[in-house]
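Before anything else, here is the set of structures, which you'll find just below.
Below, chain A partners chain B and then partners chain C, in two separate complexes.
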Partner chain A sequence: MAALRERCRPAPQPSPRVSGSRGTARRSWRATPWLFLLVPLGFLVLFTYVPVTNMVWYSFTSWDGLDQTKDPVGFDNYVKIFTEPEIFSVFLVSIYYLVAALIQLALALYFATILSFRTRFRNLFKGVVFFPYLLNGVAIGLMFLYFFRPDGTLDALVALVGVNDPPHWLGDPSIANYALAMTSVWRFMGLNFVLFLGAIQSIPSELYEAADMDGATAWQKFRYIILPGIKQIVGLSMILAISGALSVFEIPFIMTGGANETSTFVIETINTAFTFSQVGLASAMAVVLLCIVLFISWAQRMIFPEGKSDLV
Partner chain B sequence: MVVAAAAVVAVGCSPDDGGEGGLSGTITVLTNRTDVVDTRFQEYVQEFQRTYPDIDVEFEPLTDYEGDLQVRLNTNDYGDVLLIPDSMTKDQLPQFFEPLGSAEELGEAYRYVNEQAFEGQVYGLATFGVVTGYALNLDVWAQAGVTEPPATEEEFLDALQAIEAETDAIPYYTNYADGWPLTQWQNNQGAVVGPESVQERVASDAPWTPGQEQYAIDGLLYDIVDAGLAEPDPTTTNWEESKNLLVDGEIGSMVLGSWSIPQFHEAAEEMGVSQENVGFWPMPWQDDGTFQAASGGDYKIGISQHSENKEAARAWIDWFLTESDFAQDEGGIPVAVGSDLPDELVSFEEMDARLVEMAPVPEGEESLDSDIYNEAEIDLFGDQYRRSLIDSARGAASGDKDAFFADLNSRWGDARASVAD
Partner chain C sequence: MSSMAPPSGRRIRHGKASFRRSLASAAGPIATALKYASLFVATAVVLIPLMTLLMAAFKTREEYSTTGPLEPPSSWFNFDNFVTAFTRGNMIEGFINTSIILVVSLVGTIIIGTMTAYAVDRFEFRGRRLILGLFLVATLVPAVTTQVATFQIITGLGLFNTRWSAILLFMGTDIIAIYIFLQFMKAIPKSLDEAAMIDGANRLTIYARVIFPLLRPAIATVVIVKGIAVYNEFYIPFLYMPAQDLGVISTSLFRFQGPFGSQWEVVAAGTILVIIPTLVAFLFLQRHIYSGLTSGAVK
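Showing the complex of A and B:
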């Protein structure tokens, strides 16, 4: 083993310098990658780890966001989160987005598969499917607000097929979450589509040729070549979908402001911090959400361990 | 650029230094008025520098004033002169702001001195005052046969019913989606029970009980929506559009502050409609046959505790509040005691409406109100619980008026008990 490692290590570079300076030359060579990393790592620490550390500290205080003193309250905030049912019940709204995310993955996979084969206007359709993802979330929120309002675009469309008394898409709480979740599907399907398309195109074409020779149908090609070939990406997308569904924010925040029973955990966190001046409690909520997402990512690694796809 | 130019002009005008009191230096003024910071504000500065040639005034406009400032206040660098954010509780004022003087003394010169005061000291002075009432389309109301302001809640609801029956207009528009127009309702505090309104609220375990002011205010909103007199789908409203709709006669009324009147006039002008169509009436609450309208200060302006130029900052504040035309330009009530109501509010004088200002809060209770409503998570000055109220009233959420108010009462009562501990 030791011999093997010795062989794998690159041979020492013959140094033209005298032996005295050799050590420093080598050290500076080793430091180079770190020098390159210094700036991005600095940003990472400054803008991610320092704020998160602060947030964890705030979560153990009763700070209101302004006061110069922060009173430590121990685990009170966490106890409150896990004992007050109203705080956790908003996670139920995430179920709408989770179901929508599954629909979104299925649609994205469908389009990616179709458009990875020779299709008429293939590039145009790729653009059409991906385009919504390029739009700004705020613009999408406003656009769909007009789309869903009474006598808006959607009402005009359903009137064409004879529905003259459409519901209030955002005003009726039993429909509002579906409307918002579908907006989210429209927006994010493009991203999944591109991920899937890229993965599908990396599958060697000989496999399809071989399948053709064996007389495989399109479904069989999908089931036995494409799906196993992009298993990793599908798994990753699932995890992104779940953590995305738990932390939905932009679309409901812009379109309904969380009113009308469309509030999500992140909207509740923002309200707690900035409407009710309970930054301590809100930080604790954010830490809880972070832990949940970390747990899901960990579970994903367990279920889909990293490694080669079992295609070849 | 304009600031620099103004400064050069000013310096050019007065070669000998030290104008009034020899004050000099540069002060930074944080403002939420991104719309007029490069125009009207620069004119004010030019005027100001006729008296104080050696003080430079620089503005820092903030689009999301409340949000940005909450973060800025955690540093020591938040300008010399700034508006006190609404989220600050009274007991925090001394941590961030310079005291401007005692409420008693300043009260002789300025209105609304009690609104940002703590332990008898004033930390912020209102930039202008507003009266809360409702903007209405007079034509629409006349078509429905109403030409006099309703004097009771019943008359008000009857008037809205008449609009619903006689015209095509939406009688009342909540502006639910934008949220902040719902907060305007809370500015009515004082109109029902008078200047001691806040003290009465914090002394009550159940403010949403008939006979109490909070019940009158929120109950009226509930009844309007419950009777189907508000817009059919409140979740897709739009403030900018609503101004045009009111001017155009498609909306009957909206509860707002008097600051909104110039905006309606502007909308009328753009649409080529007569400004005369837009009226502003006091809420339907009377005391002995006299309308009572709640009047309060807009943002209060104060001086940072970390300012290095407090005297110059004070000079700017005093000049801005008493000499500049800011209040008049806003259609607001000038804060100097004894100044006249703006033209927009002449109708209030004609109706003999009495303007109610808040009484000073007793020492030690300054932040009791906000402590209770934050603990209860009932955002009196926010839009959350009034949205839920409208959802309940329009049948989009379960529960009726009694159940909804009972829930508010129990949350308020519990929070009051826990704050008292």
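Showing the complex of A and C:
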């Protein structure tokens, strides 16, 4: 009894009336949430925080991924990223995807707006515009390889309008990134569209009725009712689009493997780590990208302060 | 103009209808024509790549080399390419491996996600905010970048070239699911827990018998959102399961580029085989997919 009471003492609100048995109950009660969290936290630490920590550590070494020893090299890897043009220049490829992402958001906003009005075959159009988002990335990659290949679908289509000497859509470095970025728009626009449509439909109809009474035009309704109502989701989508554009991987990797000047920063990182066995340098590249993405997310929270916090 | 648009909710039906009517009258016939024109263009842009691929999949080898991509196949019943893709292209293994990984990682995600949400929402304990913060920050880390270091952990655990590598990574990094459960659990009244506790149930019983069954709609959402993501995932199986017999549908299809590189009719058939399950799932689960993505994507 005395021993139990002794062990109960460090509790934050020690009650003088606590008996031995109640003390034990309290203790197990306090451990309960941790028992539930044991496995989830284990996974979170093992697959997110340990890799991130290790990545930072590796980034200051010249490790090849196999060697027993990891030689520290200070900031050499980071210096290399920012001074060797062939590494940093791939960041410029992101600009294609960034512009494409803005086009994607604009198209999504347009289709979400017109489909929130009365439209024939509304559900059919909604389904068709959205469906590509669900498709397997490899399937999309192969489909568009077939679409863009010489004598492929696109060549046949432009031949219909009289262009008989089309360029090599994926072989010509000055065009390939446009083709890939457009493929990316084809793939991801549906998600933005559905999110925007959902947000527009959750705007209370009283607002429209009031606007009707005031004789508002369609544009005015869009500008003063719809746009403010979906500001939050548009802002969030824009942030996701920017970090998405910086970490583009699947479509160029599957379709061109990064050839013809279509390599992206993530493809370079992956190749550096797993093809050229420069894990140290690759880790530094990954850390740079991670910092940029974290900065963008932080900026988003500064620009759009409300939302998200309701979970805590 | 008689609309077929279903009202999304009975309460707002009237307001919405009158709003739409007034828009149509304000916009005029030209705007309406432009609107439908743009919708038809969008439909064409979505469907043409899919349709030409479908047509190629039904062509014989000779037919493929002699006809253009816009010409339909002579027979819509020539399934030879599908058979070739399915048997010689390792698609069977791909579907089996994907199914195994899908089922195990879904079960794991649901158990882990609901347990986390239960612990965080129903208990007051020191470090609760810290835990939530840890999960929240983790959503910001793009998984593709950390693979450089995750790879060492997977090989260190001896999981390289096993299905467990993909299963554990799918289970262990799904923070979105935890948030879906957390949001849903907030809506379940705490008085239910208390009533069960008065009846003498312990916390595990409350979790398993009271909370878990009530979370069924959230579980359905997670199954759909996660199921699509796992089915489509390419990079993790590509990196961690390079063995020929461990191909999932993504990696099996990706490997088509080698042996069938010049046989586009077979590649097309393989691609269509991968798309069909997605199409079927979409047709049957449309409504759930839309709402699931809306709650899942906006973490």
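FYI, the second predicted complex is superposed on the first by the 267 of 312 C-alpha atoms of A that agree within 3 Å, B and C clash if a C-alpha of one lies under 4 Å from a C-alpha of the other, contacts with A are read in each partner's own complex, and residues count from 1 in each chain.
By definition in this document, contacts are C-beta pairs under 8 Å (C-beta built on N, C-alpha and C of every residue); 3 or more make two chains touch, one makes a residue touch a chain.
Computed from a predicted structure; not experimentally measured.
In the overlay, answer first, second, both or neither for which of chain B and chain C A:172 touches.
It touches chain B, and chain C stays clear.
Report for A:65: first if it touches chain B alone, second if chain C alone, otherwise both or neither.
Both partners, chain B and chain C.
Check whether A:274 is in contact with chain B, with chain C, with both or with neither, and answer first, second, both or neither.
A:274: touches chain B and chain C.
For the three-chain arrangement built by superposition, which of chain B and chain C touches the greater number of chain A residues?
The partner that reaches more residues of chain A in the superposed model: C.
Contacts for A:30 in the overlay, against chain B (first) and chain C (second): which applies, first, second, both or neither?
second
So, does A:231 touch the first partner chain B, the second partner chain C, both, or neither?
Neither partner.
After the superposition on A, what does A:150 contact: first (chain B), second (chain C), both or neither?
The first partner, chain B, only.
With both complexes superposed on chain A, which partner does A:259 reach: first (chain B), second (chain C), both or neither?
A:259 contacts chain B only, not chain C.
Determine, under the contact definition given at the top, whether A:80 touches first (chain B), second (chain C), both, or neither.
Once the two structures are laid over each other on A, A:80 reaches no partner at all.
Just to be sure I follow: which residues of chain A are touched by chain B in one complex and then by chain C in the other one?
The overlap between the chain B and chain C interfaces on chain A comprises residues 65, 149, 152, 274.
For a test of understanding, state which residues of chain C touch chain A in their complex under the given definition.
Contacts found on chain C: 1, 3-6, 8, 12, 14-24, 26-27, 31, 35-36, 38-39, 42-43, 45-50, 52-53, 56, 68-70, 112-113, 115-116, 118-120, 122-123, 125, 128-129, 131-136, 138, 140-142, 144-153, 168-169, 171-173, 175, 178-179, 182-183, 203, 207, 228, 231-232, 234-235, 239, 249-251, 253-254, 256-257, 264, 267-268, 270-271, 274-275, 278-279, 281-282, 286, 289-291, 293-294, 297-299.
Across the complex, what residues on chain B touch chain A?
Within the complex, chain B touches chain A at residues 67, 70, 73-74, 85, 87-89, 92, 95-96, 176-177, 179, 232-236, 370, 374, 377, 379, 382-384, 387-388, 391, 396-397.
So in the complex, which bits of chain A are touching chain B?
So the residues of chain A touching chain B come out as 64-68, 145, 148-150, 152, 168, 170-173, 176, 256-257, 259-261, 271-272, 274-278.
Touching chain C in the complex: which residues of chain A?
Touching chain C: residues 30, 32-34, 36-37, 39-41, 43-44, 46-52, 54-55, 58, 65, 110-111, 114-115, 117-123, 125, 127-132, 134-139, 142-144, 146-147, 149, 151-153, 156-157, 160, 186, 191, 194-195, 198, 201, 204-206, 208-209, 212, 217-218, 221, 233, 236, 243, 247, 249-250, 254, 266, 269-270, 273-274, 279, 282-283, 286, 289-290, 293-294, 297, 308, 311-312 of chain A.
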